[in-house]
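In the two assemblies presented below, subunit A is common to both, partnered first by subunit B and then by subunit C.
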Partner chain A sequence: MSLQGWYPLVLARDIAPGTSAGTRVEGKEIVAWRDDKGAAHVWEDRCPHRGMKMSFGFVRGDHIACLYHGWQYDTAGQCRYIPAHPDLDVPKTIKVPTFGVAEAGGMVWGNFDAEGEDAAPHPDLPGDITPLRTVFADCPAALLVERVPFTPLDGIAPEVKATEGRIIEIRLGDVTLIAGIQPVAEREAALHIVAAGNPSNDQMKRLAFWAEQLRRDAEEAAANEKIGEIAA
Partner chain B sequence: MKRESVIFTFTGKIVPDSFIAFARHRAARLDLPLALLASDDNSVAVAVDGQADLVDAFDMACSLGPHDCIVLDVERAPASPAIFESRNERMGQ
Partner chain C sequence: MSALTLYNYDLDENCYKVRLLLSCLGVEADQVAVDVMPGKENLSPAILAMSPFGALPVVRHDDLVLYEAEAILAWLAETRDPKGGFLPKDPDAFGRVMMWLAFSARELDAAVQARSTAMMDAPGDIDALRMAAREALRAMDDHMTRQHFDGFEYFAGAEPTIADIALFPSFALSRDYNVDHDAFPALRRWARAVRKIDGFITMPGIPEYH
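Entry: the complex of A and B
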């Protein structure tokens, strides 16, 4: 499947400087990592040498090193150093494919269009947010979103408004949540959820439980759908 | 790092089209110019030029070869850089 536009990949809070996180978008393996200066990078999660996941590697300054043989790549994805051949002038052809990256609304976004440099502007989201959590669910992304209005919090049904692309706005009582939708694979999805403004700790705790309930509800619905498919 | 120009002759059960495409891909990945010198159903001879470690890496990659070829022997001999100019077949440039 070809990937178009911007995809939320991870809550910005969840990648500290000097760390990496592996994820998938429609099954494509991606690494999001942050260098020690705080800049985020989104790459293919595969070392060109032996195919090891770069997300298993180590961030050292503005380089990420593959766990397997220690090949080091700079922020442009270019291999700069091969420990087994310290005197080698590494050719420019040894490079990890890199993608467009942006941070908006407390999330790290990746753009996988062929012309990443000329990609459409990333989602315009408010900066005044508090990150809640990411919910991973074993169900299609559309089903996870579909179940949001049917998962009440303290008896209040959420109001859902699709804003743009892969973003939904969820009104839950006096709190507004913004969620980025990540289609991880055909039957796997993630919602990266942030709260607008600065809700109290007690509110955040209740919202986190609500997100967990949403995951259970969506997975149950997906299981029932699958049983229906088998029965048919 | 020291540079080398080497003629490799790979012999064994060779499917020439498949092996040549494989060798060209690996040479391009290693940023080595490649000149195809000869090929038949038993062998392929190519010349590459570049940093010694990259030439060794090419040797190793082609020793394994593509899935439909079995390389039984590899001969390695010095090449003249002029080979690449006369054949005008620089890969990965």
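Entry: the complex of A and C
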């Protein structure tokens, strides 16, 4: 499947400076990492040397190093240092493919269009948010979104408003949630959820329980759908 | 205090739990290497006399012989942690630590089994074990997500306890049984906090970050 536009990949909170996270978009393996100065990077999750996932490696300063043989890459994806050949001037051809990256609404976004980061503006989302959590579920992204209104909190059904792109707005009592939709694979999805404003920690914990219940509901619905398909 | 003896296999995550706590407590133990794979020395009469199914680790101290990693962790904390932080006396904190120790030995045992099936050809339904292990890791990630809203970086509260020591190996080694860290952001953050405990050591399969 060809990827178009901006995809939410991870809550900004969940990649601290000097850390990385592996993920997938429609099955394509991606690493999101943050250098020690705080800038986020979105790359193909593969060391060109032996194909090891870069997300298994570690960040040192503004380089990310492969776990396997320690090859180090700078923020442009260019290999800069090969420990087994410390004096080597590393050829320019040893490079990890990099993608467009933006931070908005408490999420890190990636853009995989061939034209790169100029292809589309990054989503215009509020900055005054509190990160809740990402829900990872074994179901298609459309089904996960479809189940949101059917997962009540304290007996009250959420109201869902589709906004634009891969974003939904969820009214849950007196709290508004904003969720970025990530199609991880055909039957795997992630919903990166933040709350507008600054709810209390107790409210955030109640919302976290709600998000756990959403995962259970969506996976149960997906399992039932699969049984239906087999029966048909 | 007379010497401790730890019957140890370096590749066994349950043995690592004990080595990790010993290191964090700064306690020395004589280690007896047991060749589990391929030697099956854990099934020798000498070990079976201490641990009836040959499960490691085993700790011996004078006449006391203990097997079951979680019990050994609790006993070490009770006898060799002068500050008492690893097994708190506060009843609620104590209850939380015991709950997660039981979780480690029960729900999370699927991860131990998944790993030995994947890596050491132990019998088992690898797909079912992997799914059960993932469910356990999800419950842990859910818990730590909520802990973080309270500003707590560890399972039972603000400070590390033997619960963290018991739960850490199966998460850190999850790639051995083909469960990635991608879907557990709160556990990634917690694992970084565990790595910061004074005396932290790794085991084969858990990289040092250098």
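The rule is simple: the second predicted complex is superposed on the first by the 231 of 232 C-alpha atoms of A that agree within 3 Å, B and C clash if a C-alpha of one lies under 4 Å from a C-alpha of the other, contacts with A are read in each partner's own complex, and residues count from 1 in each chain.
What we mean here is this: a contact is a pair of C-beta atoms (placed from the backbone, for glycine too) under 8 Å apart; a residue touches a chain by one contact, two chains touch by 3 or more.
It should be emphasised that the depicted structure is a prediction, and the values quoted were computed from it without experimental measurement.
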Worksheet item: Superposed on subunit A, are subunit B and subunit C clashing or fitting side by side?
Response: fit
Discussion item. Tell me the contact category for A:A16 with respect to subunit B and subunit C: first, second, both or neither.
Written reply: second
Practice prompt. Answer with first, second, both or neither: which of subunit B and subunit C does A:K205 touch in the superposed model?
Written response: second
Worksheet item: Of the two partner chains, subunit B (first) and subunit C (second), which one does A:F136 touch, if any: first, second, both, or neither?
Response: second
Worksheet item: With the two structures laid over each other on chain A, which partner does A:D87 touch: subunit B (first), subunit C (second), both, or neither?
Response: first
Fill in: Larger contact residue set on subunit A - subunit B or subunit C
C
Discussion item. Quick check for you: in the superposed arrangement, does A:S2 touch first (subunit B), second (subunit C), both or neither?
Written reply: neither
Worksheet item: When the shared chain A is used to line up the two structures, what angle, as a multiple of 10 degrees, is there at the CA centre of subunit A toward subunit B and subunit C?
Response: 90
Worksheet, complete the sentence: For subunit B relative to subunit C post-fit, closest CA-CA distance rounded to the angstrom comes to 25
Item to complete: Could you pull out which subunit A residues touch subunit C in their complex?
Response: 10-11, 14, 16, 19, 21-24, 55-56, 58, 67, 133-134, 136, 190, 201, 204-205, 208-209, 212
Worksheet item: Residues of subunit A touching subunit B in their complex?
Response: 48, 85, 87-89, 91-94
Worksheet, complete the sentence: In their shared complex, subunit A is touched by residues of subunit C numbered 142, 145-146, 149-151, 175, 180-183, 185-186, 188-189, 192, 207, 209
Discussion item. If we count contacts the way the header does, which residues on subunit B are in touch with subunit A in the complex?
Written reply: 1, 28-31, 51, 53-54, 92
